[in-house]
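Structure first, then comments.
Chain nomenclature is as follows: A, B and C, assigned in order of appearance, with residue numbering initiated at 1 for each chain independently.
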Amino acid sequence: MSYILDGYNWDLTDPGSIPNLLIAHISITFVSVLIGLAIAFPLAFLVARFKHLYLPTVTTAGILYTIPSLALFALLIPFTAFSQATVLIPLVIYTQVVLIRNIVAGIRAVDPQLVEVGRAMGMNSWQLQWRVVLPLAMPVIIAGIRVVTVTTIGIATLAPWVGTEDLGTLMYQGFNFARSDMEAAGTILVIALAVAADLLLLGVQAALSRGQRVNALSEA
Amino acid sequence: MHFLKHRAARELAASLIRVVKEIEWTMIAKMLQFIGDPTNTFWQHTIDTLKLSIVPIILALLIGLSLGVLVARRPVAAFISANLTGLMRAVPTLAVLFIMILYFNQIGFLPSVVALTVLGIPPILLNTIAGLRGVDPSAIEAGQGMGMTQQQVLFRVQIPLVLPVIAAGVRTASVQIIATVPIAGLIGGGGYGDYILAGINLLNIPQLLVGAVGIALLALLAEFALAALQRAVTPAGLRATEPAAIAPSARRSPVGSLADV
Amino acid sequence: MATIEFVDVTKEYPNAKTPAVDNVSFTVHEGAICMLLGTSGSGKTTLLRMVNRLIDPTSGEIRIDGVPTTQQDPIALRRSIGYVIQQVGLFPHLSIEDNVRVVPSILGKSAAETRDRVDELLHLVGLEPAEYRKRYPRQLSGGQQQRVGLARALAADPAVLLMDEPFGALDAITRARLQDELLNVQRGVRKTILFVTHDVEEAFKLGDQIVVMSEGKLVQEGSPIELLAQPASDFVRQLVGADNILRQFEYQPVTAALEPATDAAQERIAADERLLPALLRLIQMRNGALAVVRDGETLGQVSLASVFASVQSIHRNASAASGEHNRSADSAPVIR
């Protein structure tokens, strides 16, 4: 704990200080999940509509997910060297299988009767997606985002080994210089961040599920 | 004009392919050369990697399974262990490795194996609990009603229904463990992770790639083999047509792994 | 208000042997409740769903106030037609208020603009706005949910209301209450209502007009009385229970048994009353007659003899249509 409590390590002007590493870790996670969502949403809506594309897409994403993170980082080094891309590309790739699967499952779980009712009330296809399908699919989608965010925070701790600084840096340097106080600080901080993100998104999930228990029609 | 354009494009494509192929072949040749060089102790690294994978998988299976059987019929214990292990999944794998280094105050095989085992337990434990609790009591009753003995109910009803769920857990755990093996290598665990670490530090691309490709192949192999095993133990009537999604209430669905394909 | 005309409407599905709807023509007049009555698979729901173009007919057309629906943009058309289904289909993620407001809101109206309208509609369907506005559908009973469903369908003040077995999933008491409520609401709003049901009692209770469907074909179309008095086929006779003498009394107006007024008339009865209460009164009076009055003017009278005569004539019609006589024998003692 001594490393975390030492005021010296909270100096904002030092790029290696705890707050700066924390910010770096959060921003890597945030950017990865955001890009992941930007890719997964259109893909998921596509494969939800064209059902025969679902299995190939999810299988591909699943195989990519199976490749160990360090191996994927290493495989990218010949192409992207020690740039941030080496970290971001695998992180984005790993988000896909969970995001696509959960978005599709969320969409599919929406009761077709409700979509039909929306149609009968004169919603155009954009309004149907935006006002009916998306809100009803949201709890399942958020559950996916939650898993992905926590996973990304975890994998991002490897970033320092391929040249990008974040909370993993404390562990990396601690290990290399045999500084167990730094190792402990990094370990504690990264667990705290992961658990905080998990709980935060759990809260969002609970708030969004308000009013709906399941995505089905309420029984008459 | 059109013809020229066409031909120019074709020539450009051909030359591009040639260049890529050349780089590829030299790289593959260099990787093979690396593997063939006895000073790199490729086989030792392979054996270390397999040991680092298989020992934790077996340990996790033993611990997860027995814990699961122990708590499954005790609702409070099951609730607590399910939630604790669920919470544990939020802990980054590297953090688990570092906790073990700090705990054992040493690096190498022991903390790595313990960390990997700890990582492998949750999916097996959760799926064992889910599988045992999920057996429809009416199925057991139906078996008894047909005049099956206790043993027949166990072997003909319970095990066939539970086995696929546990197999799914083993598959998730195994893929997770193998994915973490090279990370253990970063902190002195040995195996292919060594190659990746040294490759990065020395910027020795062939070495780096031998480690990365090796571990990737191992992970994919394990995934496919265990997926096949899971299918084999799943009665035809229970086979899902498509993988289940993650329920809003659970971190991961109890059945099926994230890498479920 | 609107008139709906069905002109040779046919719907065929590629893999079906027979058309789902086969050459159906009839007209629903402004402000009428038209009941589409039939068994499941009779094509009544398909017919209903063609009105707001959830399904398009294979041939023929549906005209609303003379304009073929196929000439209208389906989205705009649907926004101008209320729709209520058995499963209610309230959006579980929206509050009651927001559910009622869906159509105005997709038409671009803000919450503030529609607030009074929502309150007015909730009042209309018998739900206290202050209590229910902010609730969610799952916090309501089935009957309450269907009231909200009705309010939602009425939100944009559509001229036409389509109802697909809206009360089918409710218990008998709630169903009866909501049927009364619908009649009550209809007195105020005078919509042209197309109402799908397989429940004959419901059809007779609510319908100004009943369209009997079977295997995609229109079997008979007319008022409840017409169906009872002159069933077009054995199918309709059995369906509406034309041979059931009590049902006849329940739905036939007293004017069906009218005879010239005499001095025997001791009491008066309104011309829109049914035969059943008249008969019960006559039995209580142990004879005599009731003067039938409309707007203070005496049209004639009914007596046990005239009621008996009218029933006999109904039965003659019914028997002539089916060549069946055996059931009148056990009905006769009831009226003697």
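As a convention for this text, contacts are C-beta pairs under 8 Å (C-beta built on N, C-alpha and C of every residue); 3 or more make two chains touch, one makes a residue touch a chain.
These numbers come from a predicted model, not from an experiment.
If the chains shown are joined wherever they touch, the resulting network is a simple chain of contacts running from one end to the other without closing. Looking at A-B alongside A-C, one finds more C-beta pairs in contact between the chains of A-B.
Of all the chains shown, the one with its CA centroid nearest the global CA centroid is A. One finds 63 Å separating the Cα centroids of subunit B and subunit C. With centres defined as mean CA coordinates, subunit B is found 20 Å away from subunit A. Centroids built from CA atoms put subunit C at 55 Å from subunit A. Shared interface positions of subunit C, i.e. residues touching 2 or more other chains, are not present. In subunit B, no position touches at least two other chains. Every residue of subunit B that touches subunit A in the complex is listed here, in rising order: 27, 87, 89-95, 98-99, 101-102, 105, 175, 178-183, 185-187, 193, 196-197, 199-200, 205, 208-209, 211-213, 215-216, 219-220, 223, 242-249, 251-252, 258-261. Taken together, the subunit A residues at the contact with subunit C in this complex read 113-114, 116-124, 127, 131-132, 135-136, 138, 210-220.
Interface of subunit C with subunit A (complex): residues 52, 54, 75-80, 83, 85-95, 102-103, 106, 136-138, 140, 142, 145-146, 152, 162, 169-170.
Those residues of subunit A lying in contact with subunit B across their complex are 54-55, 58-59, 62-63, 65-72, 74-75, 77-78, 97-98, 101-102, 104-106, 139-140, 142-144, 146-147, 150, 153-155, 157-158, 161-162, 168, 171, 175, 180, 183-184, 186-187, 190-191, 194-195, 198, 205, 209.
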